[in-house]
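Okay, so chain A shows up in both of these, paired with chain B first and chain C after.
Then we have the complex of A and B:
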């Protein structure tokens, strides 16, 4: 080594007092660009914990964790994303896929901490200095969506094509439409908890997407043995919490369910569902009523090997689904398709048999190992206002029964319906069709206590009733049916100001000075139905417990205090089809447990 | 005044495109903006085309070279974006090459910085540019032992799972399962 090599480095010392050319600490004044992708921000109140961010993350940088103060509830898993910045590559796919738009990226990209664990946190749950940064990456709008915001339009008969007859108005999806609709699902599963039957919704939607109808049908039957029926008339509570619905239209879950059931022929059901040759376990169960609860219980009990006998008061099975819901919403052949399959499992049904009249409940108790009662709400309630005893004042439910039975009913030229629920819309629209047939025009008015925005009927029911030229005039309390010379002249009403009092009890308040009169020569009451449980004799009643509104108290297995008696459907919950199905399903397992441990 | 500028640049562009068209077989002419147009040229003539554009049509500035993996068609798309600084005009030349034999003539003799782009494409897509300086050296992926990561058949998620271990103590919840535990009656 030459002496020069040793001395040369020291020549650098001559520069020691020179002005440095580099800038000291340049990061202080270098904010990220306007759309820079820096640390995450999350509006925890808007986030629903659907997990789409976790699902899309290619680096597995996101975990969903429980966060204090955010409980699991309908439509919100209560979970929130936690980001591991050791893995995040700042691609922002999590932001772009976010269903609620709660997740964004700030433009902050510098942060120093000594503990590596600090780089794993729940954005929005710890005060970070960038939480209020306005700048950063947000999902660009509009037209930058990973999934369609609009539903596939369901084709239906135009009002003038449907308002004279009872043919089904909803046409159903084509394969192409169904697949496009299914393609919008993010598979988060938030909907499952809201469905009373906890159906495997994302799984059957996936079956539609993959065009695997046999698998789809299997998924449906795991929790719901009436898919043709529910695919048409379910109250689809699932759709109210659909995560895609936060920034677009929710998935048409109900129509996709119908699509699957519509694609499979009855003849293939047993093969697909593997229900040929179920072994009988030698035990018997009696089911009272062939509505959704009874049919569901019978179905799942049969799969468990029980010999089930249903007792039905009417000439045909289906309960309210057949005798309440009009044919234009739920055609009889579709009811038959679901029911015939259940009967094909070896379920016996005794029609025109009323408990308490043709056979007693205690006889069933003695003859069968267990009894399930799903007798529904078949008694129409009356407003009790003056004039309701007139012969041309009817109960909606009794008229709907008669229409199903094909019996002739009185159809006046001008009719007022009292009630704003789905049954009221059913009778309004049924009578509108009959008026069209008889008089060539519709003069129907449905009036309800509830205001327009609080009408209990489904929005589409009200809309469709109006399309069929019925008038729905909300927010009126009925006072009196005016009768002159033995004939109904119309209904006097007063404005309804509120329905419930401060304690939430039914206690309507009226403005007596704000009056109205609906001309009519026939009035139909549709303000709800009550149960008829007179078939339960006093000795058995003594064994039971009753809760609010006279409902029989049951445990989580739908088992009453008379251990052999299980009770479900509208008489304990709902009223709607899907709660009945869920009750029947639970009862089947409850009965199985009860009999196995007996 | 503005209008005149706009129409004049469109005129200049269209005469340039006419010139290219008369000499090379170009297809898919897409006018993205007044001052930007995309053209597609077959692989064998692409370098000749951009040489002509640089030498005779004033496209002195090379903007970038990039690739797209059209895996369904078995093709890579290469895009050369060139700029004419005098006319303030961009023309992008696209060419499709086979995915199976992913090689392309090098263009580093036109602009020497293209060698760096080509080296990156070799690493990220596995597209070879024989003769390009240092094209086989690592660019940013040191010790990479998988298929090139910008190829669409590269599964980022699987790679991440196999290569990077989760931090100890990480736990996640499936929303549907979590709700089942907490809400299902």
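Then we have the complex of A and C:
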């Protein structure tokens, strides 16, 4: 025991003369640190209500609720997160997982309210003093991801391998790629609401992840009987709204659908989908047209026990999917796989039978309990500019028909296509392949009214057309086809300034001084298609109502005012495959309701 | 190892009193008037957290002690079986309030080890930094806290103030003061903020001064020495028998430290020696913790100097919303300020852990060892002994 041990503790007395820390650091308003995890902030306009925050919250502190001023629309659930601060633990996982980056935390941590109810609110919807705080927790950057932001690269044929043949160019995912791609899904379901057919997308993506193809196929067939087709050429509105796409690349939903369908042998379909031995209920339905709408209606009606007969004007089924879409995008054997399964359900099909010519609509009305018409848009539209009556001016759709039928078509050395939609790209790329086969080089120009950014065709279609050495020259309005000595010399165009007027009507404005000339021996028009509903005779027409652009008015079950007639597909909506499929499905439901209550 | 003679124990030998019954139990007849039952806790300033010790006293000496837990049970281990792996991350930290970061680290490490994910080097350094900062803030409470149990409160006040400065640093780096939620499966949640090193050095400088002051206040204090030397003696032979780890084992002469014995994170790149003492009493354990505090200051300085300037903070993991960890089991461990702290994790290959079991030092120290140490101790030394074991009841019953 040293004397030192008695004295040294008293050295603490020197602190007596120092200011206490409570005086040095008084309890004043010290702002939280830059990364402090305080109360939530939410940019309601950026938020899409995907619910990933709700999903990851371990305390169930977040509920998605409807907020005034935000309506449900494509790509937005219309819901916004409400946070219950009685449950929140300020872990900020909700911020880190937020797909749009709208949700952040402020650095405010000293808010006091008397009413406990006030601690449950929708951040961003109620003005809080911290709404404009710059500081607070934000998702760390870079390379800090809770799910993959990048797509798995899809293998496709190199432009030089594909530009002279009609072999399918997209190779499809391997199992590993598909599972990695499927892993990126946050299962928000925004896509389900946007898909016209309301497919169970997160559910079948989950099936890919878990490598359960049979379950995946079941999910696909719940709403879509043409997965092989849709998996290749769907307009994938789901991908446009995919929440993962807000801060990264959207999921390749379309390719994943294709992956599932590709994995299952057609021989197994009936077993997996349990569609063996469906009992016939004795009622009959006629379906006009074997396009997506007709096939979809036939499929779901057969499952309900109806005897369905399809009337098809061409020699093979598929409608525009077979006769419009080129083989390199959608191989015929894949169309057959989907269609053969539907036909195996007991659906009859009468080929080469055109309504109005071989059999009339009234005959169908009398012979069948109900009729579904999905006749599509098969009439090409003309620009009507001088020179379009020349024999070497063609409609894209008729050329595409002929290519499918294997008929010889005229392929000139230099071709101009008028139009910038997907059909225009289809014909451009088809003709480019034929030019390659015939002349060994491509001299194709596709010209469209729309500017480069507003081209109606899918971005990848335009890109791939260019890879195949076709020229896509956007923003020009056709003026005249120059004809000299009975031969086409080319197309005169003028710069297009705007397409629609202030009221949103089609009324293009041109800069007449900015001219251009595209040399060509052949011109193809591809500015959209029209419907041919002349098979509906006047007496039946009298029963129907017509809406804008001559479209037949139908109710939510696709039922027209002539109660026995249901109308769907491109002639009322779209044009695209998935709307047709959705219409067909609705029609099956509508027809079933109609016939049950008849 | 040779047992130390307990030369400072001035308490009378009561080992023969009360007598043992034939069945080996103590013959305590409360109606005899010789004994008093006293509940120490569950709410008592001398008890770290909520647990109770049922004491049987003869005069002011303890003849029997029984620990009771169950006041803090929140079922975190069970709760985690119902949560996604990522959702366990805000849950597991609450198993030990004093040093939540070790839970974060062990959960992340389990997930990474089972799914074979390699963490970027930068994240490893940041993890080490955070774990050492966690040790620092914990020791800033425990070291002066030992004197606090003997009513020497001033050191506690100094420590709490400095701990607050460390928490400020935590707030800057992690966004939280107590529950940092920084170490996430795959990496960490942020780089060092600008100017962090400078502010860190300022705080470390203040703690250096604190160490000197506390040396004078506690370790050169005759009262502290008299009250702690020879009290709460842990026989070295008990160390292996009861699974005593950390400072409690090191004070008994065992050079055991997970950081050295099973190096994890970047500890193999840091230069340090295992602290140790031999007296195995409260004083020795306090001394170990003070040395640990100095060591931690040194380690933090080393980390700040050796850390890379930039780098990725997180490895790419599967989508956390449906992250399936391959089936398997693993035991991962780290050295917390209380000793070896480990997670035994079992995954059945689903999105949720099948079982996460915490191996915490407090279970052996506070439940089993404490009961033994209290026998023959003076009633005034109960919380002193308990604090010297650095027990943390929330971690006993998670």
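Observations on the structure shown:
The rule is short, and it goes like this: the second predicted complex is superposed on the first by the 570 of 598 C-alpha atoms of A that agree within 3 Å, B and C clash if a C-alpha of one lies under 4 Å from a C-alpha of the other, contacts with A are read in each partner's own complex, and residues count from 1 in each chain.
Keep in mind that, in the parts below, a residue touches a chain if its C-beta (ideal position, glycine included) is under 8 Å from a C-beta of that chain, and two chains touch if they have at least 3 such contacts.
Values in this document were obtained by computation on a predicted structure and should not be read as measured data.
In the superposition on chain A, contact is made by A:137 with chain C only, not with chain B. Once the two complexes are overlaid on the shared chain, A:186 sits against chain C while remaining clear of chain B.
Once the two complexes are laid over each other on the shared chain, residue contacts for A:58 go to chain B and to chain C alike. When both complexes are overlaid on chain A, the residue A:72 reaches chain B alone and has no touch with chain C. In the superposed pair of complexes, A:8 makes contact with chain C only, with no contact to chain B. Put chain B and chain C next to each other and count what each touches on chain A; the higher total goes to C. In the superposition on chain A, the residues of chain A touched by chain B in one structure and by chain C in the other are 58-59.
Those residues of chain C that touch chain A in the shared complex are 83-84, 86-91, 154, 158, 161, 168, 171-176, 179, 181, 187, 189-191, 193, 213, 216-218, 220-223, 225, 312-314, 316-322. If you check the complex, the residues on chain A that touch chain B are 49-51, 54, 58-60, 62-66, 72-74, 77-79, 84, 86-87, 120, 188-190, 192-193, 198, 202, 556.
Only residues 1, 4-6, 8-9, 11-12, 15, 21, 32-37, 52, 55-56, 58-59, 89-93, 96-97, 105, 137, 140, 143-148, 183-187, 206, 209 of chain A touch chain C when the two sit together in their complex.
Contact residues on chain B toward chain A in their complex (touch as defined above): 156-157, 160-161, 164, 166-167, 170-176, 178-180, 182-185.
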